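All chains are identified by letter, namely A, B, C and D, in their written order; residue positions are counted from 1 within each chain.
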Amino acid sequence: MHVSDFIWTPGISVADFVSALGKVGFQSIELKKAAELIVKMKKDGAKIFLTFTSNMVTSGLRGFFAQVIKLGLADVIVTTVGAIEEDIMKAEGEQFIIGDFESDDVALYEQGANRIGNLFITNEMYARFEDKMTPLLTELYKKQKRWTPSEVFREIGSKLNDEHSFLYQAAKNNVPVFCPAITDGSFGFHLFMFQQKHDDFIVDVVQDFKNILFSTSQDEKKAVISLGGSISKHHAILACLLNGGADYALYMTTARHTSGSMSGASTKEAKSWGKVKDDSDAVTVIGDVTINFPLAMIDAMEQLSKEGIINAR
Amino acid sequence: MHVSDFIWTPGISVADFVSALGKVGFQSIELKKAAELIVKMKKDGAKIFLTFTSNMVTSGLRGFFAQVIKLGLADVIVTTVGAIEEDIMKAEGEQFIIGDFESDDVALYEQGANRIGNLFITNEMYARFEDKMTPLLTELYKKQKRWTPSEVFREIGSKLNDEHSFLYQAAKNNVPVFCPAITDGSFGFHLFMFQQKHDDFIVDVVQDFKNILFSTSQDEKKAVISLGGSISKHHAILACLLNGGADYALYMTTARHTSGSMSGASTKEAKSWGKVKDDSDAVTVIGDVTINFPLAMIDAMEQLSKEGIINAR
Amino acid sequence: MHVSDFIWTPGISVADFVSALGKVGFQSIELKKAAELIVKMKKDGAKIFLTFTSNMVTSGLRGFFAQVIKLGLADVIVTTVGAIEEDIMKAEGEQFIIGDFESDDVALYEQGANRIGNLFITNEMYARFEDKMTPLLTELYKKQKRWTPSEVFREIGSKLNDEHSFLYQAAKNNVPVFCPAITDGSFGFHLFMFQQKHDDFIVDVVQDFKNILFSTSQDEKKAVISLGGSISKHHAILACLLNGGADYALYMTTARHTSGSMSGASTKEAKSWGKVKDDSDAVTVIGDVTINFPLAMIDAMEQLSKEGIINAR
Amino acid sequence: MHVSDFIWTPGISVADFVSALGKVGFQSIELKKAAELIVKMKKDGAKIFLTFTSNMVTSGLRGFFAQVIKLGLADVIVTTVGAIEEDIMKAEGEQFIIGDFESDDVALYEQGANRIGNLFITNEMYARFEDKMTPLLTELYKKQKRWTPSEVFREIGSKLNDEHSFLYQAAKNNVPVFCPAITDGSFGFHLFMFQQKHDDFIVDVVQDFKNILFSTSQDEKKAVISLGGSISKHHAILACLLNGGADYALYMTTARHTSGSMSGASTKEAKSWGKVKDDSDAVTVIGDVTINFPLAMIDAMEQLSKEGIINAR
């Protein structure tokens, strides 16, 4: 295959653009490979693990994740607890603010705004979130004393009335949501406060490890789409490893492999572990996920939609 | 402005996609700002300096650069000599090969393939390029003995019969092409070989510094679109600095500012130098240029085309 | 302060080298600031949270962490579960292998070697680790049914007979070790297997959130030294935030802030959250932690040792 | 070889530290390999090309480069013109200021301070530099009309009275200094001004390409130590390529290979070109050069000094 000059035609669609990128060079080629890989894993009937970090839910990818779940392109979600919190906040109507990377952070603090890159969340939004937590936990406690995180998230998701919520779509479409560090956020604080009064209230993370293991099997084809790094990435590929390894793996990250970190680990490294099967299709795309993930996924969706495999309605 | 959930609609155009990115978060927001900045600099009648490194001409962005010049969205080009060489090679029909980042480089060497990221150029392509150089330099020498690099490139561009060549479009549209290190490549080797026989053949780089300085003025509005780093970036902003600083600056790069390098220097740092005016519009987008530049530029082109400012035909 | 030419003198010590770096430029200056900040937080009697990711325990920093704890330069540890596993493996005598970033990963897989950057851990090492887990969990279960992760790690640490083990030194010096995602590793698998037979065996992560919260207080001076990103970084600064924010913060990472990730978030961003007090001393050093952390910490140790504040023996 | 726990011993030397790093992991291992490679290339009698970008001369590495040249560890220098300018400024007594990455750049501009990462150069310093240029060029012009850049730099170096100047040590030790883009800086502006009055004043860059080609030969062993990227890196490896390829290559950079840039290109990629021989020793160290280069070079110097190969006096 040869490099081909990219030429703009007025009104060009994302699908045509991504197709052209496949012959441009460097990360654009990897991006087109990513789109092809998503098409392939879906057609092959693989169980798809989608992982993302909380900053992507801070961003507007959150509604896109909900759509991806709704369209049947994610079967298991693994994320961090910030993503849970912010999905709930947005479902309750909070509007996160678009700010600036170069803000005066001391001034922001005084104004009660908390910065995540170029986005802001205010203290009021957190306060309103917190007001929701006690009644919610009380309700859960009435049902049973011992909960796994994924059960908690399903319960919450089923109560949210927002089709752009990934928790809502996950609950509705029977897609489990795992979060291996449920206490690492505001959520953790409220669990602790509640447990202070109800000592027999248990969050059973060990049971949820069973749940993620049993969410797939040796026999099944497995795929991982990992956005960003962190434990969400590690947890999904660990679950696949213990079930024989992933057949398809797509990593999108800004981290680099040279520091030996999990966030920067490539699909190539994963093969040494059997995390990704040695004959699997594996693609790593380096760059900002807020741009690269929708580009690749849209191209895949357009193809799958045309072939009637997903129903875009 | 608030973060807004991104939702795919089948057949979505690049323009609609980039508009939606403006409310997603992180680099996607900067990308939309980049598109708006391009529209603004063009509407304001600014003289636009477009700089790129040679690997972008290795990639399929090369034809897009030609289109950008043709549409009047670049008034001065600054690049490195590899870009000149590869533009000529492509105009002569060479097809660069799409390969893999993880290739066996020793095997490639034995096969005569030279790797640039995930692209390959063969030794035969270079050999054919070299065959063109002696007659070309002979012809130049007949006309005059002392040449500036930009004169050489204009002469070459006017001879290339390829509308996807940026040298061709630059020559045709009276856009000067500067290259502050003309000897840093195969081109340099041929200049040296020719000079061995013709000692009075002079490449006058000092005169070309005058030319880039006089390509703009204090009075004119000035804009820099810098793709990647290197001397091409530095040279353009230096020319602007000496003419009072740029009014608009857009940097797209993968380098980071933390090592104090020019490649990673942000538009913010440029303000301390007066390279970019303190009240200028300035945007930095971090990520792979092969994806981010066409995205932002297409969005700008669609807007400018709709308003009749550029003529997409 | 001015830049000063660095000149080598034969036999130069690390302390003199780092002092000279303070006048060199770019990250070398930040490195010297990091050393000064460590001295300052210790002298000020701050409670020091040290966080690291598991790949740093894969590396030879593991023994250095043990020494840092022994010398009283870390009061609370937050890490990921891979770090726990590998510390135990090393205490049991396993020797991790120095390999290559560019290894053939499929071949490694066939040989039973698992790659982490340029280091390898073999399947046999994991197998021997697993053999240790069932008796260990049986023993814990006999004592009580409900454990927090930090209690588990203290119990394990007290049994390890290796002064270079960070778990050993932590247990011995009464330094709690927190791990907000205890199931995200081989450890998780064994907890699950054990719980299958002993349904009343509970790992109580909510209780451990209380423990990390109560490990410090509003009144106390607090410092965070965060190596790499991930939940270990987030968890420590969250604990500080809920106790009024850190007075000192040192982040060392290779991640960048431009993607809005926690791993790349700077100490500047942390101020908007109150994670780091607005008048706190805060330093961010970009680069490989295996080089930068020992450099800065050694320089601090030499100063503190000379002043008799730590006892290097 | 196995990973070994690093333990601090009070007063530890840089040499002992770097030796220990060789068994730590990730970039620390590559750093030790870099030190060994420098020892090997020197013992093997290779001609050593040392390349660096101008920001490293802004930093205090400048005096270290001078020392490296003096000790016979660099035979050819390739750099960018900013490095020339700033070496002269420092030799004339200018003191660059240590500032902050997060400075207010608009305020700096108003104060006449220009920021390079966390270092500042004032307008006064540039003004004094400019005052030196006209008499200097006048003097050169009196001697001859046609100069290569390397001749200009030798002439300047021989006039500087500062043993910490790399131009001074290069001139004194007969080490040529190449700069393939001599006009890309303040220097270029003064050459242009001078040429306006003296049209027959020629800077012959083509002739300097001959000079760098003839600075080595096919028969000679060749080594490249490349700090940062840019044309300085490319030019040195091009000169080696045209003479059969480098036998030893050490790249230190913060750039990554995933964008296909020259700055991020690894020694592995260089093998496909024959820039680096396929059986050569090649090491790439990722990270800030201001920390990593002196660490590796000091370790090499200590070894070479002990063996009497260099004379540290």
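Everything that follows uses one rule, which is that a contact is a pair of C-beta atoms (placed from the backbone, for glycine too) under 8 Å apart; a residue touches a chain by one contact, two chains touch by 3 or more.
Here the structure is a predicted model, which is why all the values come from computation and not from measurement.
> When every step has to jump to a touching chain, what is the lowest number of steps that links subunit A to subunit C?
1
> Which angle of rotation, from 0 to 180°, maps the CA atoms of subunit B onto the equivalent atoms of subunit C, to the nearest 5?
180
> Please identify which chain has its centre, taken as the mean of its CA atoms, farthest from the centre of subunit A.
The chain lying farthest from subunit A is D.
> In terms of C-beta pairs in contact, which of C-D and A-D ranks higher?
Most contacts of the two pairs: C-D.
> Could you put a whole-Å number on the gap between the CA centroids of subunit A and subunit D?
44
> When the centre of a chain is set as the mean of its C-alpha atoms, what distance in Å lies between subunit C and subunit D?
The computed centroid separation for subunit C versus subunit D comes out at 36 Å.
> So which bits of subunit B are touching at least two other chains?
Counting only residues that touch two or more other chains, subunit B contributes 25-27, 55, 58-59, 117-119, 256, 258-260, 268, 286, 288, 290.
> Tell me, which parts of subunit D touch subunit B in their complex?
Residues 53-55, 58-59, 80, 101, 103, 105-106, 108-110, 113-120, 180-185, 188-189, 191-192, 195-196, 201-210, 213, 228-231, 234-235, 238, 242, 254-265, 268-274, 278, 288-290 of subunit D touch subunit B in their complex.
> Quick one: which bits of subunit C touch subunit D in the complex? Just the residue numbers, please.
So the residues of subunit C in touch with subunit D come to 1-8, 10-15, 17, 20-21, 23-31, 55, 58-64, 66-67, 90, 95-98, 102, 117-119, 164, 268, 286-288, 290-292, 294-295, 297-298, 301-302, 305, 312.
> Across the complex, what residues on subunit C touch subunit B?
25-27, 256, 258-260, 286
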